[in-house]
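Here chain A shows up in two complexes: once beside chain B, once beside chain C.
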Partner chain A sequence: MDMKRDYYEDVKLFKSGTILFWSAVLLIFLFTLPIYLPSYNIYLLNIIMVNVILAVGLNILVGYTGQISLGHAGFFAIGAYGTSLIMMHLHLPFVAAIILAALIAAFFGFIIGLPALRLEGPYLAIATLGFGLTIMHIIGRWDVFGGRMGITAPPLDMGIPGSAFSYVVQGDVKIYYVILIITVLLVIAARNMMKTRVGRAFMSIRDDDIAAEVMGVNLTIYKTMSFAVSAFYAGVAGGLYGFVVGFFDPFTFNLILSIIFLVMITVGGLGSIMGAIMGAMLITYLQYDLLKNVENLPYLGGLLTMVSKKWFTMIGLANFSSIALGLIMIAIVIFEPLGMFGIWIRMKKYWKTWPF
Partner chain B sequence: MFEMLLIEGIAIGACYGLFGVAVAIIYKTSDVINFAQGEMGMVATFVAYHILTVYNVPFWIAFPATLVFAILLGMAIEFCFLRPAKDPTVLGLLIITLGAEMLLMGLAGWKWGAEQKDFPFLLSVTKTHEIMPGLLINEWTIGVFTLTIIIMISLFLFFRYSKLGIAMRATQQNVNAAKIMGIKVERVFSITWAMSSLIGAIAAMFFAARSVLDPNFMMEPFMRAFAAAVLGGLTSIPGVVIGGLIMGITENFFGYAWPEWKPIVAFVVIILIITVRPSGLFSKHYVKKV
Partner chain C sequence: MKKVFIASMIVCAVLVGSFFVFAAGKPGFDNKEIRIAQWGPQTGPAAPWGSVARGSGLLFQIVNDEGGIHGRKIKYFIRDDQYNPAQTKAVVKELVEREGIFAFVGGVGAACGMAVKDYLAQNKIIWVSPSTAIEEYVFPVNPYLFAMYTLYDDEASILTKYTVEKLKAKKIGFLYQNDAYGKSGLKGCKARLNAYKMKLVEEISVEPGEKDLSSQILRLKNAGAEVAVLWVNPTSAAIALKTAATIGYKPQWISSNTLMDFPLMNKITGGLWEGVITGGLGLPTHVDHPLMNKYRAAAKKYAPEERFGVFYTAGIMFAEPLVDALKRVGPKLSTEALLKQLNATKNFQGLGAVVNWSPTVHQGTDSIQILKCGPNSSYITLQDWTSNELATWKKKK
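And then the complex of A and B:
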């Protein structure tokens, strides 16, 4: 069923006509989605897509190349601040600004990739963690970045801001289309990249870096490239995030955010694009919607309110979302190390051979 | 001024070192980086606070009660979260401890709320004694020095001479060989977590006495202590303490010169040093066999 007879069959984007058909259906569904949904949900969808971009990028680094990063909030912040500031001060159109900001993030990714050549495991974790914190503090200290007060994102302008060619995209629905197009492009790009020489080099580094080096994979180039690509995705995601929320301050980009990004890809499934997408969707939904007002949950809400009144405090009940996320992280690693993608694979296998 | 800054730096550094040792003990035995260490200490400190303020018992009862709680907490986390994971990867273990961190932080926030509290510690930062003419040292600093020295010496003796300490070192070197030699590896892990949680709780109470008590208060000290442990080399306990001292002194002097950059100077130093010496200053560089 998964037999491949030549190289082209292995690398092509759509394995069969069925997949092509359903992908087209999905795409049409996504493009018509704002017609059926109320506007708060569109805002949620925007956040989800931003996180999808980031998770796909982080998965290239963590899932495919096997390098740990606890500093992705830093790249995210560079993207968010970079895009807004470039548009405000250099008056570049949105597309140019976001690409420029993402390239800056990618450059920082390259810089962090250099020490990563010699570090692994906990040492790499502390280096990236330090990077994330450093970025957060630098942004918080410099007045150019708005300091601790944060900055308001400029209007999302497709043309040249402040001139006759200005074309401002306003409202969650229009921003939705902008983000959707970018997300689809970046996800397809990531999927294609993982099927090329570069993607195979990344995976060989993850499986065994010494063996990869012996086989002729240049570790210096590919490890730094993986960091740079991942940071590029994070930069684009950050740039879009700025326009979705409209206002951000340095403390948005703290260590917890980096941890949540890691949670997304672990819950979704390391080393698969689809897993990253599913994980980002689930965690963002939990964080922004389901666990936001815990006391209103069906069944569980009443119980939690009772428990809070008896043993805990009602004010602190909002912290329940962090308890739930923590438990999900632990449960996924213990019971389903492949994440949601693993569940999907098992379901697929079960139905493929059904009823045998 | 110079001596004051130096002593203050050494005191904070010793505290970082103590907390770093808690991280290093677990890493030494089971190759797990415990990101929940800070929050374990935080919860223990909150329990001490709860015992002290709600039940109004004297400090010399509350302190041992908290230490017992810390031991149980460490064992419980190892038993419930790490033991069930079968053949976990490095990243998987990291995710488990990060999950435990979020869990504990959420629980503490739920129980005690986010507002900042003063931790009524036995040794105060403001009461000073003049031990030498012109040299004022506060009680807190004296406490940290005494405790760090006691814990270091007892750890050294424990790992060097006791049967359990030797079993722990054996487990670290090769889990399977240790099992064959009749060491109950799981029990060793459990005891390791208990010890680490205990030391972490003591250090966390010292940190709480210096700053304020809220569910996030251990984040920064934990990261500094972890960075200090990495700086000294996670596998060598004296190295970790020296790393902590370097960290504390550097931070204190830089903090005096450029107060606004204090939080990141330490990290920049760490990144530079581990780029040059990837396994830290005092541990032997691990050579991978193919």
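And then the complex of A and C:
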């Protein structure tokens, strides 16, 4: 079934008509989702999609190219601040502003990619960590960026702000569509890239960079490109994030955020786009919704509150939320090294070979 | 394999199920209860401030024990936002749209509040006493938002007046955190000094994360500042005092109400906090005051494991005017009725300063107390509630 007869079959975006069909169904479902869901969940979906974009981008760097980044909150911040400030000061339409901001982020990604040519593993982690923290502090220091107080995102204007061609997108549902379109485009782009020459170069660097170089993969170009692409995704995600939340300050983009991003792709599955999407969905959902409402779960909620009050501090269930998030991470890494993507593959196999 | 598959299917089903199960947007109250909520960091970097939200809970508990408000009990929700504005917005939306919230109270975090301010106003949800002082909250007047936290400019101005008139200080230095909080303190201090035709001998900024303040402290020392005003966070203040002690610089330290938790400050400075003068937003926790005694007894009963500290009592203080207004509304509750009563708040005093709200001014007070840290972290009240006659916002209207 999975046998490929020529190269073009290998690089095809959709392996079969069935997959294309179900992808289309999924897309229609996503586009009609606001009809069935109340507004609160739409906000959550927006945050989830922002994280999906970021996780897919981060996975290109970490999962496919085998580099590490503890500074993605920095690129995320550049995207958020860049988009809002460009719209406020240069009066550019949203699409132009976010692309410009993402390109700025990509440029910084390229710069960070340069030391990555020589640094590996923990050393690279520290270098990128430094970058993330620096960005946070520089933004906080400069009043142009609103200082530590933060800035309010401008109205999401599809036309030219403040002119006759202005078209303001307002409300969670409308923003949802904007983000959905961008997410779908970027995810398809990532999938396409990973199936072609660039993606293969990335993976060869991950598996063995010396062997890759011997085979003619230009390490300088591809390593920096991987950083730049990943930063571009983070920049777009950041730009959208600004409009979803409406207000942000430098502290929003702290080290914890960078780590949560890494958690998303590790839990979801390194080196797979599907994994990044699933990881971003699960972690965001846990963080923003389920773990905040454990108290209301039947039986379990009451029990956990009691345990938490008795054995931990009086904060109660909030304690448990952090622990639960940590336990889920540990459990997935130990029992399911491929992440949620591994579970997905097994489920697929199970169906394909059913009833055997 | 089969087991894993079934298990993961169950997990998915539960997740999807809980995603779709929701109650339709309810009004914030019914005949039995009034739903009030607060966000606050219970975990994460700002977790120590989480006790504000729990403090408000104590007051509601007391109110419920006394029979509620005109037959309605207060149902109180606390949500942990980890000091992250995106999460604040998520929990606030969730509370409003899924639980149905009548009013929010308190709420730690400037950015967190800014992220939800407009959303709350659009949904006509009343928000009483944010736990930070930000001019943007109440200027221009936001019809649904009522603030009682004394603005930092006013506090710095009152403290400076005390410094000049009572302490007879000639040379004042100012160490401020490089953000809105630090800068408003600086602004208030300078405005007051201008009135005396005086100038700061030194004004130095500190980045919140800075760990080495020796050059800053040396500059204060070299400028000969006899009074050093600190408008920084607790960690920076501790570093400043320790650095000064090592280089033998002993000014009179003065600081904002954010550092009025003397036991805590003494703990992190190793006992150096004694003698420091701070502003006081609410009564010190140990005073013999009928309200404070009542709350202390209640805390012993309901939350014995909780430290009865400044943040905890601040949480009580922030909720007091809301409870007072709710009581005045009477049995016919509605958002409009509560707004009317909040706007008619005249000379209300609980643990904090006297609060006045009117339809045109939603900044409730401009007063602070002046406190001094005595031996064994005791509180000495140097000056009772004092208002700032220079407050610029009072002239704006």
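Throughout what follows, the second predicted complex is superposed on the first by the 349 of 356 C-alpha atoms of A that agree within 3 Å, B and C clash if a C-alpha of one lies under 4 Å from a C-alpha of the other, contacts with A are read in each partner's own complex, and residues count from 1 in each chain.
Simple rule for what comes next: a contact is a pair of C-beta atoms (placed from the backbone, for glycine too) under 8 Å apart; a residue touches a chain by one contact, two chains touch by 3 or more.
Model, not experiment: these values are computed from the prediction.
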| item | value |
| --- | --- |
| Touched partner set for A:Leu262, first chain B, second chain C, both or neither | first |
| First (chain B), second (chain C), both or neither touched by A:Ser322 | both |
| Partner chain in contact with A:Leu270 - chain B first, chain C second, else both or neither | first |
| Touching partner for A:Val333 - first (chain B), second (chain C), both, neither | first |
| Contacts of A:Ser308 with chain B and chain C, given as first, second, both or neither | first |
| Which superposed partner A:Tyr43 touches (first chain B, second chain C, both, neither) | second |
| Partner chain in contact with A:Gly130 - chain B first, chain C second, else both or neither | first |
| First, second, both or neither for A:Gly121, with chain B first and chain C second | first |
| Touched partner set for A:Arg141, first chain B, second chain C, both or neither | both |
| Where chain A meets both chain C and chain B, residue numbers | 137, 141, 256, 313, 315-316, 318-319, 321-322 |
| Residue ranges of chain C in contact with chain A within the complex | 1-2, 4-5, 8, 15, 18-20, 22, 24-25, 42-45, 47, 50, 54, 79-80, 83-87, 89-91, 93-94, 96-98, 110-111, 114-115, 118-119, 178-180, 207-209, 303, 305-306 |
| Contacting residues of chain A [partner chain C, same complex] | 36-41, 43-44, 47, 137, 140-141, 147-150, 152, 241, 244-249, 251-252, 254, 256, 285, 287-290, 292-293, 313-316, 318-319, 321-322, 343, 346-347, 350 |
| Complex contacts: residues of chain A adjacent to chain B | 62, 68, 114-115, 118-119, 121-123, 125-127, 129-131, 133-134, 137-138, 141, 210-211, 255-256, 259, 262-263, 266, 270, 308, 311-313, 315-330, 332-334, 337 |
| Residue numbers on chain B that touch chain A, as the complex places them | 27, 33, 81, 84-85, 88-96, 98-114, 215, 219, 223, 226-227, 230, 234, 260-261, 263-264, 267-268, 270-271, 274-275, 278-280, 288, 290 |
